[in-house]
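Chain lettering (A, B, C and D) follows the sequence in which the chains are written, and residue indices restart at 1 in each chain.
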């Protein structure tokens, strides 16, 4: 692969921004220096630029089956990871959901193979823990998955009857995660509360798309977060709460952390930057904004930003699960499969490519936090929590040369057209941003260059095995 | 000075522990590498060791006058900084208290000269802001001090009649600090509450040394912390609370930070490791433990540790203000000048040399937090808050080569004899610790070697000017 | 029945203590006066005494089947209410638990008949709402019960597989309660947490009686309280939490009330006055102390008392469910049916007769609160919450003449022998108290006189129908 | 005076609403009954009406000197108490502020004489504690005042340089209050914060009337409340916070009470019903709305109502301190003495007559709380806190016959014209209310009848001596 020298930039890690040259050899960073006389096969001039660790998106759903495998998300591992790379993300952590006729472990093997075949960036896989009723011996599979370096385990507190597990299953799963050093994750919504609200809305005929947000109340999310924290604490397990959307839920996490509980939380760009008011009046097209938990009122956003500033919230991932608004021929039914009836709209929004730009704009460019905190949220912290650190998540000697040269003073407008996701809309279409990736390297390979041309092969991505998590 | 190579160690910064060689030239770190073939004039083998940034003690009182200049602390800038270096601390931030017949600014110049003459490590100086009554034009002096790189400004909420300023002066001072980018600091105890309790104790005849702790209640500290936070917030200023001793006060800080307030707090080894129960029965010798705020009940300690773990507390400094227990000939009256009468016991305890070892033991060796957090508390965070970062507080290219090779698996016992402070007792005498400094470098100069021999000259320390603070 | 005049006492209601004579005619209070020249058939001299409304015990289990109807509590409606009357309690609210082969409604009718036949004081009945699986049309029965004046509805959040309902059933039940103006009640323990802890203890062989307390953690109670409050709030229903035993759970209630939530809570004398330390070392005899939630550590008591003082806790009931320690011939298996194996020890403790004396001692005699608050806790508030006010729960004109002449300066020792409950032990045996009932009247009938002789007939108690609750 | 019978009404006390006839003889209530055949000299038919205890306004300023005795409030003890009576208030607690050339005690005697001469309802007097600098022996006077039955002691935390006392004086005063069983009161605003904001506004030329609200921030009030609570707790004293205007301050009280602190708070109708938005655009006429603390944003109101509902707030008084908007000939300079310059506008608003009607409307008629809570807030609780209970504050035998027959279903509009205060405007002019007083009796004397005609003589009011307070 040869050597690469990134010269003249400011290296930004979670704790410091330092002027330094970065020398890469054989896919790894071998030296950082200042005033060096180093040479290399390739030299990238990063003058005026930041050099940051490649983004790690801890929550994606590529070629992902939903609703009883009746449909799937639009991006496959190839299109999704190409888009990720364009956006400065060089590692994704996707999910494995047990197929009806396969064990969780067998599904995992199939899905890992699929990713190995098509992914252009490195990837890990979280396992979704099915209710015991669907696989009585699931704990055995979880043990094997842990042994093979699968990332986290996700438990659903929502979707009674399909994915929801009860508190007893949570306790058992959390306890095993603690024993094996795996970080358990929860989708935190009280499934019964959501189900009841949904039924009441259906009974009233309030099934237009935007009522989805009504069905998923703040309280149902905050309650589930609170309960998950209590359950995890009771067995001594750490906890990761995915896609926190409600400021009330963020408050529960803040209180718990102030009290010394080992809980970390993730939010997503769509909750920070988009609002209920953006789709309330769109009619059927509001389907484009539907995900769970829902995109909430604009007044809710500031509480999420505050949680990022105070550290109550630890990571920003995408929950990328894009569906096209207009039905393409080659995909199963997408967003508009049941117009006017929110309970059947496929849940999920795209964002794998937008994440860094959107967070930089609202976070760093807006003065809420600095570039170090940005790096922590999008790369370092997910790497630490899911056992990839310090191989990934840092610009340091010995680490994988997953590097992004970031222009902190770009003048760029995000559009559906200039992004590469499969979906036919982009939630941030038209958004002007002042930071964007210029070069993207994955293990030293120059995937995206300053001209935006892409050169990675399908299947070049490798499985990023979970090592010991850093939970301090 | 030549070059130095520290080879084979694990570099520990606030965000990561990384295997790396460190190359030093002309007093600065010029490169970090792995698998390098670098050479240097001096090579230090750090195999099995950690390489951490030199400690920064943000709160010391060397050759410091107290009680109307009737006495002073035992260590001068020479003995104090020699001890600091032995303990792994390569930068101190001391205080300037206006002399009665001199302006604050003139006192500052004199004191800076004294430190330049005697200090063997780098130093900065905080200014103590006197009540307006003592110097009506003090705000002018503060402006000049800010311009000349003085560190923080300390305000006393205690000691009515001498150092205490009222809320109006706090507001004015905080506002100016905000304008000039200086971090204001408070000694947070409600002076009236302490004065009243003291008087009640005197009236009752309860003047034995240990009643000092009774006079300084938890509530007086928590109240002052709460008030300082409100006042700072009302003018948009950040805030630094020195020597937080009470878990109740730490709770106030925790709440404020969770609410997004920009407040940082410091605690000290004596509050973490020593307890009221240790001196309650010592009679006059309890004087050795008297400082303000006081060393509190053992049950209070866990709350302070928790605050370090959760991040509610940001730094650990010493408030080093040692006085001898037995009166030496060459010093003004020390600890025993008024036996049996706590209101006249000189306040302050030594610790400048013990800090890192004591915190490592209780923090890292005990499993409460990792080495990264340790580095953050003793070096990185103080550097950031007081505008010394990234010149100090980090092992990174471009930074001063203030480096400590730290043995994380030493088997060492702290004693009064094997430490170098001027005082004739050590609060941690007999404490077994498992981490200790092996080599100490200051700007590349090898001050302390593995044999413990010291080689720095008086006056080699330079003034560490405050740059832009990092307050995210 | 004629008229009765209680002369010379101090009438104590929830808001005031007033010198007044009380004139009773035909079972009701017809006048209060001062300096009156009233005459009556019977005159009771209450000089130096308090005249308080008869106690209302909102939580009793007389002749109550448990554990799949394999056994029952020791007191029947006759012995239990005789004991209640001796203790100053003139109304009880007992529970109806659906029998396996009968609907809830039919069980209710049978049980009401049993009480009508044997009870010597007035009574109401709460309905326990079975899981839908046990009676699919249970909501219909609840509607009928509401219409017939049944008191509250109790939902179990504990005992998965038998009585536990899930969050969906709670939501549905709370919503119906709101609609019908019934106060829903919860037994708040997270059943899954308790079940898991129990299983872990069994697996470890830790089945001695006192491990019962380990199985029922503070967190499982606090979590359930929190969740019940969220669920009730989400449907706009008020909530009553029975037998709060943990100070952590009381804190959840305190926070919710401060936030304006309409939640009330009950605690019991056993949680206030008895402690885990009292039975930890008793071996099999610890069975005498087993109830759910458990009697907790002594350090937990003060938090409960504080909640009574601040008003976070609204009522004190007994959860009277006595079982004999030594097996009598005429009762099914009692406390010692499975020595050394806590999961099978019948849960419940006696106290229906002790309640007022125990609470007076710890509350009023100890100076924690005044006699008015005492009356509120034991009589007025339960009357208000369960729709019996102002017919009961107050000494006022128009109210039932359920009256207790209370000696606030008695010197009395509670013993197993001098109390009248069926059980062969008394948790408060040997406790010295300074307040006790002297005369007890029920609807004007003199049940207990100063000599302690009792004169009420079985079946004289009438059904106390729920009216409109007072929920402010 | 003869006897009076109020027949057919519903007697409403703090804990119950009861159908009862009320028999009055010689100024006191001698009997309550139902179905009685009592006769009396005068019979008032209260069918369909409520019979409540006369209102007690714990905070008034009649003929009250302000601003260094340069002006005074518009109502004197006669006009003010006539208005009070018309509004259903039969007892007022006014204030004594030390005159410059007289001791506090001598001022008190003069002021008591003035009230005895002119007041038509009963009255008590709170003493305002001047800074020690103004009267070194003020504690001696406080002792004498306590002995003579003066009501509470008020301390100012605002107005540095004139009335503000420092924390040391607060501690000393609170401690003496505790010793003597007097309830200390605070005007809680941080004087330094307000003074600084005021100066900044003056410096910027922002002196228009409505900037008064900007000068008195929420944080200055909340801080002072927090501090007062800490100080009182540290000496074991109870505390009463007057005129709480900010929901943030109410939150501090709520937290403290939930934590078991003995603190009570008062708010006023103007903070509940009027808003900043009502006067922001009025120019000079905004002077009519200026009082301290200020009338705040509409969004602040709900937090105050919530505090009344939860019990965090204990009383509603008026802080009646009316000034005319148009200058009358016979009064010193009133509201418009310094148009356009808020720092010199006399602070205070009228309301002594409106209080009950306004609170009933927003509280009871709006469904926030019931009539019992209303009575508690306006009469029972102030009577208890200031040692007038149960002589006043309750409809009970033995109590003064201070009685209001209240129409709960009136259709009435408050206007400046139909109220009787001296001021030429009424903050509630045009407000439609559904509850109003119909008959008002003071110690059995029929002051106001159903036709609204008034018959009390100046000077008939008697001094209401403080007895033992009820602080549970």
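Here, a contact is a pair of C-beta atoms (placed from the backbone, for glycine too) under 8 Å apart; a residue touches a chain by one contact, two chains touch by 3 or more.
The chain list, named the UniProt way, goes like this: A, B, C, D = Dihydropyrimidinase.
Everything numeric in this text was worked out from a predicted model, so none of it was measured.
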- Message: If you apply the touch rule, which chains end up adjacent to both subunit A (Dihydropyrimidinase) and subunit C (Dihydropyrimidinase)?
- Response: none
- Along touching chains only, what is the step distance from subunit A (Dihydropyrimidinase) to subunit D (Dihydropyrimidinase)? 2
- Query: Based on CA centres, what chain would you say lies at the far end from subunit C (Dihydropyrimidinase)?
  - Reply: B
- Message: Centroid from C-alpha atoms only, then distance subunit C (Dihydropyrimidinase) to subunit D (Dihydropyrimidinase), rounded to Å. What do you get?
- Response: 41
- So how far apart, in whole Å, are subunit B (Dihydropyrimidinase) and subunit C (Dihydropyrimidinase) when each is placed at the average of its C-alpha atoms? 58
- Query: Could you state the distance in Å from the CA-based centre of subunit B (Dihydropyrimidinase) to that of subunit D (Dihydropyrimidinase)?
  - Reply: 51
- Residues of subunit C (Dihydropyrimidinase) touching 2+ other chains? none
- Contact pairs between chains, per stated definition: A-B, A-C, B-D, C-D
- Touching subunit D (Dihydropyrimidinase) in the complex: which residues of subunit B (Dihydropyrimidinase)? 160, 166-168, 170-172, 190-193, 195-196, 217, 219-220, 222-223, 226-227, 230-231, 233-234
- Along subunit D (Dihydropyrimidinase), where are the residues that touch subunit C (Dihydropyrimidinase) in the complex? 13-20, 23, 30-36, 254-255, 257-260, 306, 309-312, 369-370, 372-373, 376, 380, 389-390, 394, 396-399, 470, 472
